[in-house]
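Next up: the structures, one after another.
Below, chain A partners chain B and then partners chain C, in two separate complexes.
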Partner chain A sequence: MRINLVGFGVIGKGFAKTLIMKRDWLKARYGFEPSVVSISDITGTLVNPDGIDLSATLETVNRTGRIIDCPGATVMQSLDAIRGVDAELMVEVTPTNVKTGEPGLSHMLAAMDVGKHVVTSNKGPLALAYKKLRATAEKKGVQFKFESSAGGAMPLINLANEVLSGDEIISIKGILNGTTNFILTKMTKEGTDFETTLKEAQELGIAETDPSYDISGSDTASKLVILTNAILGREATYSDVSVQGITKITPEAIALAKEEGFVIKLIGEVEDGSLSVAPKLVPENHPLNVDGTLNVASFTTDLAGDVTIVGRGAGAIETNSAILSDILSIYRSGAGR
Partner chain B sequence: MRINLVGFGVIGKGFAKTLIMKRDWLKARYGFEPSVVSISDITGTLVNPDGIDLSATLETVNRTGRIIDCPGATVMQSLDAIRGVDAELMVEVTPTNVKTGEPGLSHMLAAMDVGKHVVTSNKGPLALAYKKLRATAEKKGVQFKFESSAGGAMPLINLANEVLSGDEIISIKGILNGTTNFILTKMTKEGTDFETTLKEAQELGIAETDPSYDISGSDTASKLVILTNAILGREATYSDVSVQGITKITPEAIALAKEEGFVIKLIGEVEDGSLSVAPKLVPENHPLNVDGTLNVASFTTDLAGDVTIVGRGAGAIETNSAILSDILSIYRSGAGR
Partner chain C sequence: MRIELDVELKDKPGQLVKALEPISRLGGNLISVIHLRETLTKRGRVPVHIIVSLENPETLETLLTELEANDIWVAKVDEVRRKKRFTILLIGHVVDTDIRDTIDRLNNISGVLVADMSLSMPHPEKETSALMDLEISNPDKLGAALDELDLIAREKKLTLVKSLEI
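Showing the complex of A and B:
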């Protein structure tokens, strides 16, 4: 299987590292020998129809930060690489833009248009234009997989749609953002206020310099839209979600909850067709009460009852666990060979 | 797809109920219209090549307890039904025997021998003769699936092998028995001793009249063997497991653990090739600390880190969630049509 890799930041470099690390294992276990034939970032594209040397490329880009500095790279733009460099599958891991979905949206539509399967971790296009992407993939007869876009290493979509295929999923509820969960956990354990705890999280590199996307609940809302559409078969967009963040949570509210045996968690939830993100009380002994940067999601189903999964919601290698399993699912289905 | 159903106790009847309940949904969602063409229990077999009326059969057997009492049933034995009644797949749900694996083992080998796919919840044959069953399925070119045999409604095997296909599973650790978890949870909350708590669990119908299979750790050990073989590709048997039950846990030990922020749980674990079942200390805030009759399992993986899943480990309908998803997986792979 030949792959166009589009985006070479933290996740894209993690993808290259993962392929290097797992090359022998993938061949031994599945007879799977993927070959990255193009890598594009905003500066240009590196092409090799026989497979790019990933170690050398990582070495250069770790040093200079730009694909264009790799020997043989040209200023070819990503869209031209997608359309012009022969491959069976595109991995799209450019930065998320929740306002326009670009450049990811155009990349995905272009790849589908030329008959390539698409695997992505890019939340923006999915939260904005899922209906169009799904319809285009169907029309062009290609597979479109995005497990890593919601929940990082927690395999939520494939768990619900493949492994729980006999169950009807009735509702979904979860903690889908590790940064806010870290802050709330720390406030609960140490009795500190929101501003102080946010600063500590920033110093630890867990919260971003501009933390608004996480603490406002927007990131959770984007992921909730993706899960709702992929698992419940809806066509929701970001604007359908009622969103409340964690900035108004006080140590007093947390202490009060604790007295009654509850913790406060930022919960994304879809139930009876309505999508919401808000701080909620969770019983201390409930499976949804997970600490630190962990993520968790519970499905309520008709046969199995509640099924809950806990895992790491972020991280370059963790995210690539989901990207790789999407690619393997396409490969093992007989497509893309 | 035509199905031979072998075993018509709690799980077998639950299978019939599930098919009735989900008939329209399965057809609408997957175009899947399974047809049960034979049902065998120890008294005989009911056959209808056009599909048995499941509601009428349930009605009779709920009244008399015997398949032979259904109109048209004969004394045909289960092995003859498996060999002689045309079908693509057998569902084997006779009672588990961990000493001999029978009659399940003979049923499975016979079905494979005549080219039928096998789906089972029967732990005995798997814990005793996995290697032989696996080899026979491969030789005969049939699928062999047994998600429901370990973890009930928690889809552990398919989660690890399908959804986490890009990850190497390094170790498995979990609470795989709801009865013992209920007893330990109650002892922890109420400070009661083991004997008293066991009696209460028996009165509630959660522990069996003869509870030894659960409280000795044997049930957990059987499930651990199944998971080890199916997920880690080993050929372990029951005798490879070091097993210790919960009968010697005292309220004092639980109180001491609690003071240090731990709970005591019966943990089945495979790590570095060694299989063990024993009471272990689990930190209170750890994802493995689930209460009551819930089950939980954690996989440690090379890419995703720890992935933990929580669900109901038993129950007639819950178990059939896993049986149905195994059947759907075979159907959707294109086999058995």
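Showing the complex of A and C:
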């Protein structure tokens, strides 16, 4: 299977590393031999129809930060690479933009248009234009998979739609953002205030320099929209979510809650058709009470009752667990061989 | 009349006596008392299962009122859940924005009662937090109580943190 890789940051490079690491195993286990034929970032594109040397590319980009510095790379733009470099599948891992969905949305529509399957971790296009993407994929007869976009390594969409396919999922609740969970956990354990704890998280590289997307609840909201659409079969968008972040939580409030046996967690929740993100009081002995950067999600189903899964919601390699599983599922369905 | 009560006591000495005293005073006969000292409820209370025989069934309501007046929560009567309790947290200038008014507005909804409240006031100028237990005896009124809370939070610029179950 030939792959166009679009975006070569944390996740794109993690994808290359994962393929290097798993090359022999994938061949032995599934007879699967993926070949990355183009890699684009904002500076340009590297093309090799016989498969790019991923180790050499990683080596260069780790040094300079730009694809254009790789021998043979040109200023070809990502959209031209998607349309012009033959492949069966595109992996789209450019930055999330929840206002416009770009550049990811155009990348995905272009790839589908030329008959390529799409695998992505990019939340923006999914939270804004799921209906259009789904319809385009159907019309063009290609597969569209995005397990890694909500919950990182946690196999939520596949768990609900494949493994629990006989169950009706009634509600979904969970902690879908590791940064805010880290901050709230630290405030709870150490009694520190929000600002100080945020700074520490930034120093540790857990929170971004601009942390607003995480702490405002927007990231959780995007993921909640993705899960709602993919699992409950809805056509929700980001604007359907009522969103409250964690910036107003004080150490005193956390301590007061603790006296009564509660912790405060940022919970994304879809129930009875309404989507909300807000800090909630969670009983200490509840399965959703997980600490640190961990994520957790719980489905309430008609047959199985509650099913809860805990895991890593982010990380270069962890997220690629879900990307690889999407690609393998497309490959094993017989498409893109 | 034989009645089973599930009550929840504060985790402090002397609470069980407080729960049993009105029973004998009202002419009830204790059949059994199971005191689950080790398994605290979600709110850190001690659950106690009481079986009692009452000569006069009409004393039941009096008994329940007396128990609750003594801060003994009656969770179930004959396996029927009596009232639901929910916890919410308000953060901000909770006291300065007329806490009496906040409580009254909730209590004014029939079937809704602010049953318990604790405050944390780190500093007069700093933000306060209030943790409230709302007792809902009429389940149809939960929505009204939550709407009122949302309204209060918006009007008074407070942050409302609800418990996971609501």
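Keep in mind that, in the parts below, the second predicted complex is superposed on the first by the 337 of 337 C-alpha atoms of A that agree within 3 Å, B and C clash if a C-alpha of one lies under 4 Å from a C-alpha of the other, contacts with A are read in each partner's own complex, and residues count from 1 in each chain.
Simple rule for what comes next: a residue touches a chain if its C-beta (ideal position, glycine included) is under 8 Å from a C-beta of that chain, and two chains touch if they have at least 3 such contacts.
Please read these numbers as outputs of a predicted model, since none were measured by experiment.
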Touching partner for A:D167 - first (chain B), second (chain C), both, neither: first
Using the superposition on chain A described above, determine whether A:I249 touches chain B (first), chain C (second), both, or neither. second
Please work out whether A:T301 is in contact with chain B alone, chain C alone, both, or neither, and reply first, second, both or neither. first
Spot which of chain B and chain C makes contact with more residues of chain A, would you? B
Between chain B and chain C, whom does A:N320 touch in the aligned arrangement: first, second, both, or neither? first
With both complexes overlaid on chain A, does A:T209 touch chain B (first), chain C (second), both or neither? neither
Kindly classify A:I267 by the partners it touches after superposition: chain B alone (first), chain C alone (second), both, or neither? second
First, second, both or neither for A:N62, with chain B first and chain C second: neither
Output check: A:N285 vs chain B and chain C. Expected answer is one of first, second, both, neither. What do you get? both
Mind sorting out which residues of chain A both chain B and chain C touch, each in its own complex? 285
Chain A residues within the chain C interface of the complex: 173, 244, 248-250, 252-253, 255-257, 259-262, 264, 267, 278-283, 285-286, 288
Residues on chain C engaged by chain A in the complex (per definition of touch): 40, 42-44, 87-89, 91-92, 118-120, 122, 126-131, 159, 161-164
With touch defined as at the start, can you tell me which chain B residues reach chain A in the complex? 18, 22, 25, 30, 153-155, 158-159, 162-168, 285, 287, 290-291, 294, 296, 301-312, 315, 317-318, 320-325, 327-329, 332
